[in-house]
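Look at the two complexes coming up: chain A is in both, with chain B in one and chain C in the other.
Up next is the complex of A and B:
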């Protein structure tokens, strides 16, 4: 069935002014319908600000072969996704902040069952005290659960990453769940012109899901008991699967470009890096702001560049090493804090860069503090004046 | 095809070729859950099933990867999630027109306690799931701690002086969801057990079966006396065997004489009540009250054995 016949009679416009929440819901719908000739689509959904609009829109969609279950908690939302995915259908849910914390046990389970579930996560401050604005601490809390994590910069990226995410997650060389992360309100509720593909294009891009360990009639116990050696083997297999991600991701980018005529960004997004001596590294929408500051610095003749870490898991160590080779001053911008340590991206990156180079951490924009070009200008001035790195700078921008 | 012999109690060609619980499992001798699984196997017969088992003795039963002591597909879910994982399986079965019966097999901890919200929500949505709670009135898998299914007076490792609170009325809770079928099952009455399991397997929507499941390890009782304990629980009135249709129509299946002698014997045969300070007269008063209410709900209509 074509996409046009599903709506309320209006024809499907290729470009719409929509929020990132709606971009994710529309992409999930397209991906769900693309599996209609296989086992279909499903998921458990539960509201939490600022993600709710996504699942509201999803609950208004019709599926030839799909079922969205309105559950009583995030913990059950992911449990339903686990059941759906184990049954061979494509699974989707969305959450944020404390919802992700409550869901955590089944987030781990989804990954250890090796299920290609896709979750749209809106990055929101963990409480208490309660704060609905952006902070990356929630999904970073789930950093080591064995999921892939992609952080987006704009609404188009959110839509495209959901589509690309399914193809990546469902590849037999990968079979890992994926979190598509986007900044609360900066993206979730902000409308942007977004190119929405036709169902036929998505059908051509997304192969039907064929889960090798789908539960049918075979008398096996999935997720039973392991002795230490079996767990070692399972973890090693899991780790090896993450090592396939760079290659499969590249293939997905190629296929995406062929199907939709635009190329999703690399796992690490370089900007004016070739001759840069000073680099700002960041995630999410902060990266867009960093580019503005890079442009301003370049006009003053300063050799500054930016790296956006789009994929945090698996950690793009290969690309970061390549791009940061020979760069003497690196400023790492974190919208998160591991109390007593500093920024999480910074602590990861220190292990990659090493040596005597200046890798300075700036924690800013926690709790939704609006990160403006002037703040990043201050960061850059500080970085340029440094001869060596010091303690992480915890900045107040709000 | 011929009817199963002796009302289904004897293995016949109509039965499942492979038992749900395979021989060679490491369950304790006298385990009520194992008996329940054997009945379930007969009841399932040729029906295609998928089972979801949360953390509990039932998942330890499966044994070590990659082997499985279950002769059916089993998903080991997280503790609180069996009814939600089963929801996902049932949803995909439905949209694909599969005949698969999705069964949750959970202990009292995963049902009365940690899984309560998940269970209640799945019942409220009337998911197409058969949920079986084998209730051994204890966290058996972790070595015998109190759950909200532990009866008043019972010693557990976390209630060294005996439990002071009364057992939660899970049947009342499930009936309040007005699901198509709720029943308590007697392991001491195979025909009752098999009839209810078969009936529940063939219904659509949410079905809940409760099995009082003797646990010699936790109850500090003789493995050989498990079925006798169930008989005593029924004769004393402690365990009422009844079924509820759509949360409205109550039917008592096994009449109880509410014998004080049976009550005394039930307590005396179990080490978990040895240090108990509980007054059997007050227990019996509570039993009488429960039965009065039950008989009112059943419209005084009861079917004798």
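Up next is the complex of A and C:
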């Protein structure tokens, strides 16, 4: 759209009015081209609402080295990504909802092959009955597949997270696939002014992928039989790799800031937390709304803060433990439900915070209901009035 | 600032919201824009939103209390749509109503009204089926908000909508705005009631919908025939698509009947017509025109087209037709079938005109022509032949008959005024053909040069070869591309070994009594003249070629000496001084178009005009109403861009078999052997005419297109006007029209 000058003055990044779907596609294109002098770029794609716009734009791009393959299903889409990545190229796909469910077998394979594939997932309610709107249940279904998961709050964050995600995933200390998640329609189809970096900036930020176990001239067997002692070793290695993520993530943030002049958010994003006694914890775009309620409460003199959980896997236990230390009342907002348990974020968080404190779960916005500040005000009022946590509150906002 | 838009799926509301965001982004503000997405498609009420702020936007909610509201479809206007609009806010409506009329329903708002649909329709904005109003109404919005039109112009340039800018500018100019009066009526809408949610485990049985989604539409589909290019291009006015489709869907008999409605000479035209219909054919650009001429011949050969039914009149008129060529024959056919008495006056012994005297038998076997002429005579048409009439006969004819058709063709021949043009062996090609066709037995020898590039030149050249010439050369003053002869004739001449010299102008003939050589000057091509052909410029460079005979085929013109001195031909009608006579010219005499098909069309038209002129003087016109044939407007024909080519597999046109070149140059046997069958008709796209292919029925997302007898019925109670049937129709047999739904 227009060209604006940024802090360091070195580049004029074009600012475009685009949807987060297009932001993801543009980021993937830039990342793909950045690997042109190495093994190139590729991916398998299959459309599903609300992700379709992303892969449509991606399919219209030209790559000097690599190609996007249009396949007949999500299962094959991930299979293509596995092949691309195993050959040492940078891989990308996108999916949502029941598409992820169908893809699941290969989602696991991508991770257990330790391939730094990046998938943009648009969070959409699982059916039936059919529903196309936002709900985090689909990517949370894949929570334990060994992928990293990042949940975004705005369009720019989607674009930046795709670029950052590749550097993080491809780091030799990590070598894990990563899902960049965004809320259906609230981000995917909402157009906002977005900074698109220049190719040279991305080239400088993203090193060429050098996959140590790529399939080259030597014939290898992949995914053969693993005996119990071997599986134990493989799982332990995988687990250990996740432990390197916090440090590598921080390095990626530094490098990103140096390259693009803005710093991607931490794995957990604090807001007015320093003296907070009461905290609302949330994921995705609900966090933006929670901050408005925090501001309103602060105006009334209440010590309320917010934490946005940006990275859910590996679980940012370190940061959550730090930020929640000494906080008496914690409200956890889930846009998902594990039937019979409650919200998934809440059930994870309970393990971090001691049982002596009030950690109350509020499940709201399932199926895409518009979570308004008024709803979160009710949540806060309820939380403030509590002396101890009760059963998860399943709220209707639609 | 928050803006909400209400429209219907397909109107482009979401893009409209984006345009508004782009405009504010240009003004240096932060923006956010999004639509409300659901499973409903075209016609369903949809909303879209735009937020504008000086600060970064972190609001992730929909807009419930807009500062401004746009309504893209007036049928949506109601309190639910206006709900939440702040007092004094802009309410911009796409409507033909006045702001004052809406002010009464919606007081307290700043009302702006523009007929965006009308403007967009005028500017042809939308898909080929549905008008899209978004880019137009944005013009009205910026005007209402006091934003300069240049900002919108630049935004359109960036968004790639620049072609829509004139419509936006028109809306900018035309929007009517009235300032708020009174207070808004409280909408009183409490929390949305919604539909009670049934438990999934209860297994409720769905009730049939009583939601008449037909009330959502802004436009509706209709089955409308459109002009097919073949019909638009045919100078004779044949229903080309009608006979081709009849050959597929009905029978040869039916196809022949369709042809016979407009022409008595289909077997002839199927052989000698330059086939303008095939130039117009949409298939030409795709994989080659449908071989319409071949089909016409095949049908007419199977089943002669001339119709024997004639109207019964109590007091038929008597008409004289001068000239028994194609124009005269067509006029006679038309007049006779209307029930009138017709006498054809023909100078030669037999009817046919140039078809008989000019066209060689290897192109048109005489039994074919004889049979078609007989078909006309069978209607009771009389003939007086063997005597050429002169100017002094005309007044008598006018007294004797109720009206005249003068169709005497082009009798004047262009000659060559160069030294040596009176040498023996130099003659008019027309005279050569005339003698050959009527008397036969001509033998030629040596090298024959034909001067000219039209069909007469080709006929002379190819006939000369068949008369024994050892070598035949055609010399033409322009390039091959500009030769007016029928393409196939030129190709066949090449195959037969005729030599061609292009860009050559004869400047002298040499010989001693008999021609021995011809001097040709080279010609360079200059600027295009009025006919669009480049003007030949004769150079000084010459060469002499030895020859034994020269045939001139340099063109013909009308001979008006046939008419009495005081008569003149004006726009096809004859006048004695200022007095309009019941007499019309027809064919080449009147139009000079020079093809059989033009002559037939002209004959038909003159016959109609004559009947109209003669019967207009009577109180009650007898018989059926007179229809004067008018050439269709080619610009109204269905363009290829309206054909869904993916419905049609590519397949090359069927070509007629022809006699091998080495065999045919020794005889006058017909070269073209015709098509083996009528399979070629299946290649017809049927442009603009429904073939009951079921595409509309299959593609309708609502399942509300049904078969009804021959054709289809749309259940308009549920048709949302999505336009998919029109979009998918392979042949533009449908179109979207303004809705007439009573519930709107």
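Here, the second predicted complex is superposed on the first by the 385 of 398 C-alpha atoms of A that agree within 3 Å, B and C clash if a C-alpha of one lies under 4 Å from a C-alpha of the other, contacts with A are read in each partner's own complex, and residues count from 1 in each chain.
Criterion: a contact is a pair of C-beta atoms (placed from the backbone, for glycine too) under 8 Å apart; a residue touches a chain by one contact, two chains touch by 3 or more.
As the structure is a computational prediction, the values presented were derived from the model and not from experiment.
Colleague: Following the overlay on chain A, give me a clash-or-fit verdict for chain B and chain C.
Modeller: Aligned through their shared chain, the two binders fit side by side on chain A.
Colleague: Go through the superposed model and pick first if A:72 touches only chain B, second if only chain C, both, or neither.
Modeller: first
Colleague: Using the touch definition from the top, say if A:192 reaches chain B (first), chain C (second), both or neither.
Modeller: So A:192 only meets chain C here.
Colleague: For A:388, using the defined touch cut-off, is the partner it touches chain B, chain C, both, or neither? Pick first, second, both or neither.
Modeller: Touch status of A:388: no partner.
Colleague: Answer with first, second, both or neither: which of chain B and chain C does A:236 touch in the superposed model?
Modeller: Touch status of A:236: no partner.
Colleague: Tell me which of chain B and chain C touches more residues of chain A.
Modeller: Counting residues of chain A touched by each partner, the higher count goes to B.
Colleague: Calculate the angle at chain A, using C-alpha centres, between the directions toward chain B and chain C; round to the nearest 10 degrees.
Modeller: 70
Colleague: If we overlay the two complexes on their shared chain A, which of chain B and chain C does A:370 touch? Say first, second, both or neither.
Modeller: second
Colleague: After lining up the shared chain so the two structures overlap, which partner does A:288 touch, if you call chain B first and chain C second: first, second, both or neither?
Modeller: second
Colleague: After overlaying the two complexes, what is the shortest C-alpha distance between chain B and chain C, in Å?
Modeller: Nearest C-alpha pair, chain B versus chain C: 18 Å apart.
Colleague: Mind listing the chain B positions that touch chain A in their complex?
Modeller: Those in contact with chain A are residues 18, 48, 50, 52, 59-60, 62-66, 68, 70-78, 80-81, 84-96, 117-118, 120-121, 125.
Colleague: Using the touch definition from the top, list the residues of chain A that touch chain B in their complex.
Modeller: 39-40, 42, 44, 63, 65-67, 69-73, 75-76, 79-89, 91, 105-106, 109, 215-227, 230
Colleague: Note which residues of chain A are touching chain C in the complex, please.
Modeller: Residue positions touching the partner: 1-2, 17, 49-50, 129-130, 132-133, 154, 183, 185-186, 189-193, 285-286, 288-289, 291-292, 370-373.
Colleague: Which part of chain C faces chain A closely enough to touch in the complex?
Modeller: Residues of chain C touching chain A: 18, 21-22, 25-26, 30-35, 37-39, 57-62, 158, 200.
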